[in-house]
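Sending over a structure as structure tokens; questions will come in a sec.
Naming follows writing order (A, B and C), and every chain is counted from residue 1.
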Amino acid sequence: MTDAIIQTDGLTRLFKEHRAVDALDLSIQPGELFGLVGPDGAGKTTTLRLLAGLLQISEGDGSVAGFDLRKQAESIKPQIGYMAQEFSLYAELSVVENLQFFSEIYDVDPDEVEGRSERLLAFAGLSEFKQRRAEHLSGGMKKKLALACTLIHKPKILLLDEPTTGVDPVSRREFWEILSELNLSGTTILVSTPYMDEADRCARVGLIYAGRLVICDTPTAIRNELPGDLLELHPDDWRKTRDLLASLPGVIQVQTYGETLHVIVDSAALRLPELEQALEAAELDFRSMRPAPARMEEAFISLINRLGSQEGR
Amino acid sequence: MLFGGALELVLVGWATSRPITNLPLMVLDHDRSQESRRFIVDLENTGTFALEPMVTNVETIEQALLRGEINAALVIPPDFSEDFSSAAQQPTLAVILNGAESIPALTAQRAIEGVAQEWGDRLAVSRIGMDPDAMEGFLPSLRVWFNEALNEAYYTTPAELGLMLEFTVLIFAALSFSRERELGTLEQLLVMPFSSLEIIIGKAIPVMIIGLFDFALMLALTHLFFGVPVRGSLTLLFLLATGYVLVELSKGLVISVMVKTQHQAFLMVMLIGMVDFMFTGYAAPVESMPQVVRFISNFIPAYHWLEIVRGILLKASGLAVLWPHVMALAIIGVVIVTFSIRFVRRTLQ
Amino acid sequence: MVLITPTMILMIMAYALTVDLEHIPIAVLDQSRTKISRMFIQQITAGDDLDLFAQVGSIDEIELMLVRGEVKAAIILAPDFSNQVLSMRGMPMQVIIDGTEPESGNFAVDHIGQRVERFIRDVMSDRMQALGIPEQALLPIDLRVRAWYNPGLEPRVDMIPGLISMVLGFPALSVALALAHEREHGTLEQLMVSPIGRADLLIGKMIPYIIVGMANVVLMPILAMLWFDIPFNGSFPLFLVLSAFFLFGILSMGIIIGVFMRTQAAAMAVSFLLIFFPGFFLTGIFFPIASMPEIMRMEAIFLPGTHYALITRGLFLTAVGMDVLWPYAVMLVGLGILFTGVAALFFKKRLG
């Protein structure tokens, strides 16, 4: 699709031998809220840095806002707002001073700066903390300030690297409300996150694992990727129960979540009584077993495992 | 830093631990006689000068001095040889030194004076009617103890070595806690099940090893490249080196907890290092400094350390001679180390 | 603190450099012990330059004193000193100096030598009268020595301008750390992702230190003049301009280090080795460049400190103007452009 605002074709980045990002094909539409989801070390940060022009591409191609990543990386920079995972603002400067600094770097019209700063601070809930030094802000406020700084030049595209990691749940929710508003006003947002529940808020999600894009689709579609149905089970002895269940026919996968088991079966209706019987026969107690709605998490893990077995790991 | 420092020591030593030579000298010879020409040749033979082309007027000399192109100029008056061959006239010579570079100027002055004195003595001898060879008996014999070969490196390399060692130890020590604080890992360190003393020792040991290794390396290099001997006890030297490294290390540790950033640590190290350097006697002998300065020097570890180094390397001094410096170093050392441990502990907690 | 560090250091160093080579302690071993020898010893030690620390009875004592550093030189008068002198056959004496540091030793030799000369001529004067030779005949060559710009040849007069050059290099150490600091704290990433140009970014890092440097540039001559009586004979505005050039040159050296070093610790070590140490020893302040091996002389050209030391000495002492100093000014600007250019070339607005 040539009208994609972010387009990559076999995007690859090598660190010595290690393929941090492996043949990524992304196509993000203008105005989309796209989530890049994956565990630590999957390659989310590397992907974002490649798209921001911060890292050199090893193989493949890409374009952002119509500019080629290989040859026109500098031209991309005014079009985007990038928020790094680590706090990357000036700790010694105040909230307002940081905004001022970035407005100068991005050549924002000086007449506009004050108005925009006020609005952004209000938007981010930081109006009362204008004079406070950035290092003295709480974790959540730091992230909001960083976000405000990326917005000062009204970029069309936002690349946010794990903006809610390490932030309290309340601030997290507030942050996502801000993102939704921004998205509604037309900004394309590419967010990376390790939190599966946040993925649900996105229009489309790309699951990334070991540098590869495992799947790229709407959250609903991904959830449906889960083959079969999901049964949730609270056993007493989860280890033995898991081992037993895994050996039974019709059981595709058993996933553990603490002491809870999520059993993926080909048909809940068919297998539920069978499993119950098997467990009783083995004298393994459990508190309840019932169908549960599939979540991204399960889909993701199931996909990973499928990938793993495909590669014969 | 370790190897770079040692390498640099050799480089700097090679560049500067040598006799002063090649000083541009301009001569205006009004006399142009055999005598004057011989005098100029004798000047050249001192090896101190690089003779500029002969000039014909004083303005050239003035310009050259103004531009800093020469270190010295000699003006030989027209009646120089005449006076020389006369029975009782005193020959004169005019020398202009470029005082804007005082160290070469002094060397130039000494060289010229040396030749002039020789000539004056010869003149006197011939006028009295003495046998010129008999003049030998009138020249006091000169012995340079500890440095018979007049190896310049003896003067400069101990101080350079001392300075390099001090800076190396200080930088490493000053970085130890300040780096962790700045990068945020100090918190993590403090919640570990170590007592603050153990943490301090843990930081100190690598610096200690680095410091001693550095010292050994630099000593070996100065010995190899510049022929600086170790006439005294090597064991004693290393023992005392350990003590000195410990003292500087403690200073560094105090710095590392006092400051908030690595940058500040660095500046403090530079400041202290520079000040200490004055007391190593490189630029001028400490004994000739103003009284206040001399008094303060007693409290500077680097001062005592340099005396010890020079003593052991060049004078074969043992504890019998060095004990005042060793005592001073020990006392200062104990004070600094105790203070630093207490201060660091308190700050860490 | 960054602001006045250079000035503080200058003050301290300059103070230590106000050396007065006087009262050099010497020991005397008089093996002759006659009227003549005693007269001689008296002449030697009369005056402020040489002090008689002790008159000893053996060479061993001399050795001990030299080793302990109690005396810097010693004189041994041979047993037949008196006879030899009176019969004008010679002056058997030995001068021993401490070879571990040159200044006091050379000083002692010079001054002892002067005394010896005078003594010989005194002794000879009787004999000369007998021979009918006028005293004037035995006068030494009249060497009229004048030292321009620093009549007393006091080290501090020319060292202090030289030290200004060295001390003003401090901001360069700081600027070397600046980029590494931003790298360590992640703020550099944010700058890299912004549209700011490479050269702009680097020069932007230098500017605060130029200001700091200039503050010191103004302060130091004032202190040098007031406190240390160093003359300032040249044009002050010219000094300001050329100092700015120097700061540009030396800070750009620091920037190059900042571009290549990933951590502040590394930047510290390298800037110390490449800016500070050479700036101290290889720029001709303590040791004349003319006497350095050819390679080092070439290398000194690439150190901004070398040129600036010549500029400071020129403006403080020699009172020259741009007509003499322009080559150095050009070098400073040239080096600055070169180094900044190299830095900008190698600095990529990318993490990898």
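Just so it is clear, a contact is a pair of C-beta atoms (placed from the backbone, for glycine too) under 8 Å apart; a residue touches a chain by one contact, two chains touch by 3 or more.
The shown structure was predicted, so the numbers you read here are calculated from the model rather than taken from an experiment.
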Pair of chains ranked first by number of touching C-beta pairs: B-C
Label of the chain whose CA centroid is most distant from the centroid of chain B: A
Distance between chain centroids, defined by C-alpha means - chain A, chain C (Å): 63
Approximate Å spacing (C-alpha centroids) for the pair chain B, chain C: 10
In chain A, residues with contacts to at least two other chains: none
Residues on chain A engaged by chain C in the complex (per definition of touch): 15, 49, 52-56, 73-74, 77-78, 80, 82, 84, 86-91, 102, 105-107, 149
Touching residues (chain side chain C, partner chain B) in the complex: 1-2, 5, 8-9, 12-13, 15-22, 63-64, 66-69, 72, 75, 84, 88-106, 109-110, 112-113, 116-117, 120-121, 124, 127-128, 131, 133-134, 136-151, 153-155, 157-159, 170, 173-174, 177, 181, 184, 264-265, 268-270, 272-273, 276-278, 281-282, 284, 286-288, 290-293, 296, 310, 313-314, 317-318, 320, 324
Contact set on chain B toward chain C in their complex: 1, 4-5, 8, 11-12, 14-16, 18-24, 50, 65-68, 71, 87-106, 109-110, 112-113, 116-117, 119-121, 123-124, 127-130, 134, 136-148, 150, 152, 154-155, 160, 164, 167, 171, 175, 179, 182-183, 261-264, 266-267, 270-271, 274-275, 278-279, 281-285, 287-290, 293, 307, 310-311, 314-317, 321
List of chain C residues in touch with chain A within their complex: 185-187, 189-196, 349-352
